[in-house]
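Chain IDs A, B, C and D follow the sequence of writing; residue 1 opens each chain.
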Amino acid sequence: MNYSQNELMIAAAARELQGARVAFVGVGLPNIVCNLAQRSHSPNLELVYEAGVFGARPARLPLSIGDPTIVTGAVSAMGMADLFQLYLQRGLIDVGFLGAAQIDKFGNINTTVIGDYQKPKVRLPGSGGAAEIAVLCEKILVITRLNKRAFVPRVDFITSPGHLEGGGARKKLNVRGRGPEAVITDLCILRFAEDTREMIVTSLHPNVTREKVQENIGWEVRFAEALKITPEPTERELELIRDELDPHGLYSR
Amino acid sequence: MNYSQNELMIAAAARELQGARVAFVGVGLPNIVCNLAQRSHSPNLELVYEAGVFGARPARLPLSIGDPTIVTGAVSAMGMADLFQLYLQRGLIDVGFLGAAQIDKFGNINTTVIGDYQKPKVRLPGSGGAAEIAVLCEKILVITRLNKRAFVPRVDFITSPGHLEGGGARKKLNVRGRGPEAVITDLCILRFAEDTREMIVTSLHPNVTREKVQENIGWEVRFAEALKITPEPTERELELIRDELDPHGLYSR
Amino acid sequence: MNKVISMQHAIREFVHDGDTVAIEGFTHLICFAAAHEIIRQRKQDLTLCRLTPDMIYDQMIAAGVCKKLVFSYAGNPGVGSLQAFRRAVEKGEPRSIELDEFSHFGLVARYLAGAARLPFYPLKSYSGSDLPKVNSQIREMQSPFGDEKIFVVPPLNPDVAILHAQRADENGNTQIWGLTGVQKEAAFASQRVIVVVEELVSESVIRADPNRTMIPGLIVNAVVVEPFGAHPSYVQGMYDRDNAFYVEWDTISREAATLNAWLDEWVYGLNSRAEYVEKMRARLEKLKPGDAYAEPINYGAYT
Amino acid sequence: MNKVISMQHAIREFVHDGDTVAIEGFTHLICFAAAHEIIRQRKQDLTLCRLTPDMIYDQMIAAGVCKKLVFSYAGNPGVGSLQAFRRAVEKGEPRSIELDEFSHFGLVARYLAGAARLPFYPLKSYSGSDLPKVNSQIREMQSPFGDEKIFVVPPLNPDVAILHAQRADENGNTQIWGLTGVQKEAAFASQRVIVVVEELVSESVIRADPNRTMIPGLIVNAVVVEPFGAHPSYVQGMYDRDNAFYVEWDTISREAATLNAWLDEWVYGLNSRAEYVEKMRARLEKLKPGDAYAEPINYGAYT
């Protein structure tokens, strides 16, 4: 079956949610990923939206993270003070799913500025809930397309901390969250080395070479010894993406 | 018309609420007083109950401060966190109406213990919301029967601060509330001297002598120069007390 | 996941000797059914938390299950004193109990901190009061912004909260209306949660009104269905407060002997809440209110 | 007290040049009707507060009414960047604006402190983030209990909050369902409150469901009735988000010239929201959702 690199990325990212109980759903790609997981292998996955919803069962792909379809039929709709304090800070969220404008080799994420904060070259949207999601969810998954502008040796601004300078740096923060566990891109999947906490490529998507991956990363990246090939999306996953979740192909073409 | 001393006390206390916009209603006598005010001269008086109600319109005299009749037909029912933070601490309450087991010459109130805190002679119920009502309502009214056990030179324990040691002592607390303004009893009404903040008798109930008042107060009390006679309860007030608010005479006989 | 079990089972499994237990509900939704089962199972050395110990903890103190009380108002609301509480504090009968005393706002703030996993919570109370002098957990601090001083209290995180409500689904998604007190905060603050409901409903009833959900099944360990489980307190829209009983309690509890006789008849002498309801039937029937329905609202179908 | 007045009147009387203004609503209930009237009245030097400046503040920034922005996420949700915001920050066009930047939780906490009149609010965020380095209002402090460190933010107390809702009575008692965002906190935090509703209802509708009331008339200065006043955002149960418009905005706002032309046609060129609704009629009709009613609940009559 034919599929796009984006469709593969989305399906691979959704599979990372297997076994998770409660996911904090970010804007954009994470939104389609979490909804795909709930509609395929993880029907009991509870979706939390920072807009103030727990246990959403969206009847359509939510057009934004505050779409009315996430409210109708949800278990609970509440103010944002309760969502952030009683769910996120209380420690009820297993997985936070984030996007990234810039990410560095230790998984630190920048969604604030390119260039200097006071005189930015590009002003990005900012944190939203990402700064707190990054430290309060038990683990973090990141989904973003692989390219040299995004994958930089060091981010211009740490909006959401990953493993900071690597090694034991994050442990010293003394926060609940263990930080980023995987980065799912359109070319490969990267995870973090146990000791250095540096990103390493652990799985190449079908027909993607090491060279192609290296070309799109801003530092000399390491590859896992047991490098895998990412499984292709199933027919069911593609059907769900194409027929239900993204019929106009906004995210997946 | 005949009336009891308690009926007079209740009617006199209710009149103190004229002009008030929002009253915080305490348990017991304050409850009947505030409901009488709303049903007679102050139909727009908004009643706040610490149980979590704003704008109550009780269909019967609430049997407790958490009676279901204060919820049905109210403007807003909420959790106690909102009540204490967004209404009381926010500074929306004009008048707090408190009872007292012990009260001293500066209006400090004790509802905690008679005797030593660690080895009390009598263990009283404690603060409830009184400690915060005492500092967060713009002013405080107190209703309690006059007797020597209650009106003591110095309370055994300050649950709810009045004017502390008198003079400018309370100002130093730097709180919103100006403290007790009047104490309505079954024999007289007492207010606080501008300078010393000591309680003085400003109004005697009909047929009550100065001697009778002094007999029931535990210190040598002062009487205002322009000592008044408390107006009698009106027929309408007595009807409301007897027919609607306290048909069994629990509070008013 | 179906979490519906009997009260006997829920108390046996989730309430242990020495636990810190919060049976909350401010006047409204006080779960006497759970208290009676705890007494029947003769639990030991419990630290009991409630804003208002009320008649429910008076009974538990009299039965000797309480070691320590965390509270803010220990009266019989609208009636007078709690006699068993006073005997325990003034005379150490049937055993002495420790007191951990706050004001309502202070204890609400402790639950807020506990629920949000904050190390403290700030509030404007206690100025000029003697309470901070007798409780070192009420502290004053300076604001990190400006020179304002403010009081703070530490979090309260019970081992188990037992919360009564109008309705829940079998997963424990729970809806409450009327006075919601600190039900939500106590639930989120606690390690384990038992929800006791008047009515078990299907998940679709809950999902039809998500703004009404106060406790998600996510944090609930057990759901117990116990109609009239809050008597003699009340459940908004379902039954009234049995005020006469609160008045009678003043007489029953004046002496340890009459109180114990009452416990023998109404707690130890029965096996379950169902038996209590059966025995109390005629009285309970009289507590049903008239109807006062909320206007239905539309969430809209977005497909 | 009848507080119902026109939007023109409300903005003239309660929004002043130099004010700190919060038009809140998270995705849901964003009051474009008020923003357009503020633009039409050419208010000056406003400090605008919102978690998500969204298209509404993008329009106000383009119109030059904004001096400073207090915010936490300045994107076009689900679409991309806010172009007018970027031009102001990157190039100072049409004027430079100051930024006061937080995360969502941080700004929610500021509203919480503001609403409760607390001098600060503690939260567990910002560890490892660079945000505290560029904003001195995000501070770290030590807990007065134990050695835990925690971040704190100061209160936010706007001069005026403008909050959209499904319904209110003429006194301003306001009910909201669906995403309630920070509507309640922003209202209580502010000195003045304008409530804008889809529907004016009688007081008895409000009193029939007191748990649904989020903003009491007690703190409301004006009630404005403005159906479709939140378009192109949405109102739960009443109309859907006009997502196509959010996508179109990306094109409209790419250049100052096209954006200004849009403002000329849809804001300056109209006298009121009613004219906007009339002009947009065909498009608005398509946004009506299907029905999904909540189950009615009984509060009980206690007489």
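We adopt the following convention: a contact is a pair of C-beta atoms (placed from the backbone, for glycine too) under 8 Å apart; a residue touches a chain by one contact, two chains touch by 3 or more.
Quick caveat, the model's predicted, so the values are computed rather than measured.
Enquirer: What's the chain with its C-alpha centre farthest out from subunit D?
Expert: B
Enquirer: Report the inter-chain centroid distance for subunit B and subunit D in whole angstrom, where each centroid is the mean of the CA atoms.
Expert: 41
Enquirer: With centres defined as the mean C-alpha position, give me the subunit A-subunit B separation in Å.
Expert: 58
Enquirer: Compute the distance, rounded to whole Å, between the mean C-alpha positions of subunit B and subunit C.
Expert: The separation of the two C-alpha centroids amounts to 28 Å.
Enquirer: Find every residue in subunit C that makes contact with two or more other chains and list them.
Expert: Residues 117-118, 123-124, 177-178, 180, 184, 208, 211, 236-237, 240, 289, 292, 299-303.
Enquirer: Of all the residues in subunit B, which ones touch at least 2 other chains?
Expert: Residues 53, 67-68, 71-73, 77-78, 85, 89 of subunit B each touch two or more of the other chains.
Enquirer: Among line, ring, star, complete and other, which one matches the pattern of chain touches?
Expert: Basically it's none of the tidy shapes, so other.
Enquirer: With touch defined as at the top, which chains are paired up in contact here?
Expert: According to the stated criterion, the contacting chain pairs are A-C, A-D, B-C, B-D, C-D.
Enquirer: Please output the residues of subunit B touching subunit D within their complex, sorted ascending.
Expert: Checking each residue of subunit B against subunit D gives 22, 46, 53-55, 57, 59-60, 67-69, 71-78, 82, 85-86, 89-92.
Enquirer: Taking the touch rule as given, give the residues of subunit D at its contact with subunit B in the complex, in rising order.
Expert: For this pair, the touching residues of subunit D are 115-118, 173, 184, 188, 206-208, 210-211, 213, 216-219, 299-303.
Enquirer: Using the touch rule from the top, collect the residues of subunit A that touch subunit D in their complex.
Expert: Where subunit A meets subunit D, its residues are 27-28, 50-53, 63-68, 71-73, 77-81, 84-85, 88-89, 112, 117-118, 120-132, 134-136, 157-161, 164, 170, 173-176.
Enquirer: Would you mind writing out the residues of subunit C in touch with subunit D in their complex?
Expert: Residue positions touching the partner: 117-124, 137, 139, 141, 143-146, 148, 150, 152, 154, 166, 177-178, 180, 205, 208-209, 211-212, 236-238, 240, 289-303.
Enquirer: Provide the residue numbers of subunit C that touch subunit B in the complex, in ascending order.
Expert: For this pair, the touching residues of subunit C are 26-28, 51-52, 71-75, 77-78, 81-82, 85-86, 89-90, 101-106, 108, 111-112, 123-131, 134, 149, 177-185, 234, 236-237, 240-241, 243, 246, 289, 292.
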